[in-house]
Amino acid sequence: MSKSYIKTGLFYIGIAAITILPLIVFLWMFLTGLKTQMDNLAIPPKIIFSPTLQNFKSVFAQNNFLKYLFNSFIVAVFAVAISLLFGLPAAYAIARFKMHKIGLTLLIARMIPFISYLIPWFIIFRKLRLVDTYIALITTHLIITLPFIIWIMVNFFENVPISLEEAARIDGCSYFQVFVRILIPVVRNGIFTSSVLGFIFSWNQFLFSLILSGNRTMTVPVAVFKFISYEEINWGGLAAAATTITLPPLILTLFIQKHMIKGLTSGAVKG
Amino acid sequence: MRKTVFLLVLLAAVLTSPLFAGGKQESAGTKKAASAGFDWKAFEGTKIKIMVNKHPWVDIIKPKIAEFEALTGMKVELSIYPEDQFRTKRTVEMVSGTSDVDVFMLMPGNALAQYVQSGWLAPLNGLMKSKQYLWPDYDLNDIYPAALNAGVREGKNYTVPLLLETSLLAYNKDIFAKTGVTVPKTMAELESVAKKIYESSNGDTYGITLRGKKASATSQWVDFLHSFGGEWLDSNGKAAVDSPEAIAATEFYGKLLRLYGPKSAPSNSWYESISIFMQGKAAMVYDASVFKPNYENPEKSAVSGKVGYAIIPKGPAGSIPHVSNWGLTIYSGSKHKEAGWLFIQWATSKAIALQGQLAGIPSARASAWSSPEFKSKDSSPEWTNASIASYKVASPLWNPPVIPVGECRDAMGSAIVASILGQDVKAASREAAKTIDKILANSK
Amino acid sequence: MKNRVRYTFILPALILMTIIVAFPIIYNLYMSLHIWFVASGSGPHWNGLKNYIALLSDKRFWNSIRVTIIFTVGALGSEVLIGVLLALFFNRQFKGKDIIKTIFLFPIAATPVAVALIWGMMYNYDLGIINVLLKAIGLPPLLWLADPKWVIPALIITDAWQWTPLILLIVLSNLESLPTDPFESAKVDGANSLQVILYITLPMVKPAIIVAAMIRSIDAIKTFDLIYVMTQGGPDIASENLNLYIFNMGFSYFRMGMASTLAIVLFTIVMAVNVFLAVIRNRDVT
């Protein structure tokens, strides 16, 4: 009896020890953001200090951070919306008509080093006067979101029993009507999951935004570098900004955690 | 190859002459400027795009942009990027050939050759002589010739300097007093002082901190190179970084850091390096003179008020620091060149130069250095004197005068890192020279 | 009818992808056969396959290949090993399992730039928390990002921190969906738990592990954000992987032709690795 208690206790201690690892980094990031520059430069690092919200305040006050958050939001939302518009029918066709080769070719888009998109795209967008516009950023972010959403949704469509469609078609529905009225509601969990994941991937994108955004459309992963100033690295400001930009993906994760595991794993498990 | 900068002649005259002191004082605002009959509003309604990097000078002009907009009726869109991102962004803008930027910042010593050869810059000579667009109070002659001439290529002006900086040895007076050492005058003394401080503190205090992060290290290493009698390139334009003098300089630079410097030296750029000095963890730092305001800022620096400044110690070839400057320049494809020129004149005017000087940014204008306001408020005459002494003997060459500057700096940076790590400096320098020659051969 | 339907559904996405992807691919292939030293002011000129041949004698290219391989193998290896072990450890019923799964989602969702910035601070020699902890348990502090020998391990640790949870969750959810019969019959046959894991569990989840490795390998080979933010390839070029080298070749040295050549090489490597993994997986499945 007592032996099994010890065993259970050890198991939970083991779990706690493992689980602290992902958490402690976020905790340290947050605490660094709460310290003044002098506290951050103290040796050894101060565990006890009087926290200040100054870094977080200046993130929003000095550097127009709200605008950059808004930019990231707009780009991610539109990239996801357009990806759904084009990706859902494609995913359905791939699943229903077994066009897996086409599915695989879509993945090639992800395999191309993003860096090799940069110069050609920059030239095109310049010619079209689209650099530093949402259109340019959204278009490039489709590279990430569209194949991903198709890839996830294929699995969801494959799980829909074909009898459901056939029954509807006997009732006189066209393929398109079946798709919109029957299938979309059935796979809504998948749509939700893939949308949120697509949103997170777009939100986190750095390289495209570095080159193709400007003052008006700069997204947060690029804007965070504004805290590396000419004179010294502002640890508190950087940590506060890092906390701020990574908070939205973390909160979204809380909302979709169950579906997210499914979304990330279903592709892999079914492959 | 090496040219001495004859600034001081001019400077000393201005500084000592009672005639000038107070005589040429500039009224603070730019509003009065309109009075001279010069039409600041010639481009009313025009919108110009300015691209700059995050720099203390930008902190000075950023809040004043509204004044410029009020003065001219123009609209200014100022994009600020940290240095690395700035260079990347600027390159991409230029390479695309369709950029809509009008004015941007450029370090002539770094990129002028390349930008001119690529045809990305508009010559400024016409605008500088233009009756219509040259502001009568601008006073081009007030700008140090060395700084202005750094922006000249093939007889044409391309940049207007917004500051003129040099490198200085900054030292922590408290640590010097505690250890009982004096300011080193020669390279040998520099090493013995660094050694004494490091050893007497049992390694708690570094003797000196210098940049060690590949390309960025070359900006200060070059002063050791010159002071030891070495050069980037020989008279035939071939790499000379494997000459005995150059190898000695590279060896010395690496030894200082390896034996008496911070362990993290190979990954330290200027900000990590000066941070170590500002925490009081290193007794000396040799880096750009523009960092004085950082050393002296009590909110960020533990050594403010305790810092002394000196020129680089003498090597076998003497004390040979370098001067460099950031300039403003106009994109050749700009549709608002004249409007951009108005902005440049305003941003490099005497009034702004003085504001910068007061904030610790070494101005490229003689009037700022000689202004009574600066003299009376000068918190660190030691810095001022060391800067002037450094200008007097400085070389304008801190990068090889070639187009692929970045590649050559990276190649040499590898040898510097090898030296810091205690590897075979001779072999590493030969390798660097070979690489540089290959780079140059591939750049025609 | 069916044909028309299938193409109506898939064509818009295909056309969109072709527009976005095709131009850059063609442009890169074309430029990879040219010398285009943008800084010289001259346009691109034809060089045939000489760019590819020049790479063979480029020490920095081979260095970047070495860094790419060490980083990818190290990151992928440690992520798969630790991820699978943890998945086996967590593969049982216990209180709070859902909460723990959620916690492991956080690193995956976190913005890579933010992760890299924070780890960069934690690795700081004088002020970083990691060295403070090392000293606290009596170990000497390490230079981490400043030491050519430690910089790649340091990057691998960060990468593993962010991506081991992905492998863990993929494998765990696969474990949870396995049928119970084989395990029961194995127990009846008297197999011990190690034997069960080695001969029954692992072979059953192998396809999932390989697919997870595929996903990670695509991203690990072309890692950019992490290295760009933490080391920019330094010290010197000790952590310059192929992707960083492309970035420097194109955006620091302005040799766009050569940068395109390198990009094609990187693309080929990513494709080859994926084809290889796909072949392994298909061999196992059938």
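For reference, chains read A, B and C in written order, and residue numbers begin at 1 within each chain.
Definition applied: a contact is a pair of C-beta atoms (placed from the backbone, for glycine too) under 8 Å apart; a residue touches a chain by one contact, two chains touch by 3 or more.
Bear in mind that the values here come from a model prediction, so they are computed numbers and not experimental data.
Inter-chain contacts peak for the pair A-C, counting C-beta pairs in contact.
With centres defined by CA atoms alone, the chain at the far end from subunit A is B. Centre-to-centre separation of subunit B and subunit C, using mean CA positions: 40 Å.
Between the CA-based centres of subunit A and subunit C the separation comes to 17 Å, rounded to the whole angstrom.
Shared interface positions of subunit A, defined as residues touching 2 or more other chains, are 41, 43, 118-119.
In subunit B, the residues touching two or more other chains are 88, 92, 95, 279.
Among all residues of subunit C, those that touch two or more other chains are 126, 256.
On the subunit B side of its complex with subunit C, the touching residues are 84, 87-88, 91-92, 95, 114, 117-119, 212-214, 262-268, 276, 279, 281, 403-404, 406-407, 410, 413-414, 417-418, 421, 442-444.
Here subunit C touches subunit A in the complex through residues 2, 5-10, 12-14, 16-17, 20-21, 23-25, 27-28, 86, 89-90, 94, 96, 98, 100-115, 117-119, 121-122, 126-127, 129, 132, 161, 165-166, 169-170, 173-174, 177, 207-208, 211-212, 215, 218, 222, 224-225, 228, 243, 246-247, 250, 256, 259-260, 263-264, 266-267, 270-271, 274, 281, going by the rule given at the top.
Considering their complex, residues 37-41, 124-126, 143, 145-148, 231-232, 234-237, 248, 251-254, 256 of subunit C touch subunit B.
Chain contact summary for the complex, subunit A toward subunit B: residues 37-38, 41, 43, 118-119, 122-123, 126-127, 129, 210-211, 214-215, 222, 225-226, 228-233. Within the complex formed with subunit C, the subunit A residues making contact are 11-12, 14-15, 18-19, 21-23, 25-26, 28-29, 32, 40-41, 43-45, 86-87, 89-90, 92-94, 96-97, 99, 102, 106, 108-121, 124, 139-140, 142-143, 146-147, 150, 175, 179, 200, 203-204, 206-207, 220-221, 224, 235, 238-239, 242-243, 245-246, 249-250, 252-254, 257-258, 260-262, 264-265, 267-269, 271.
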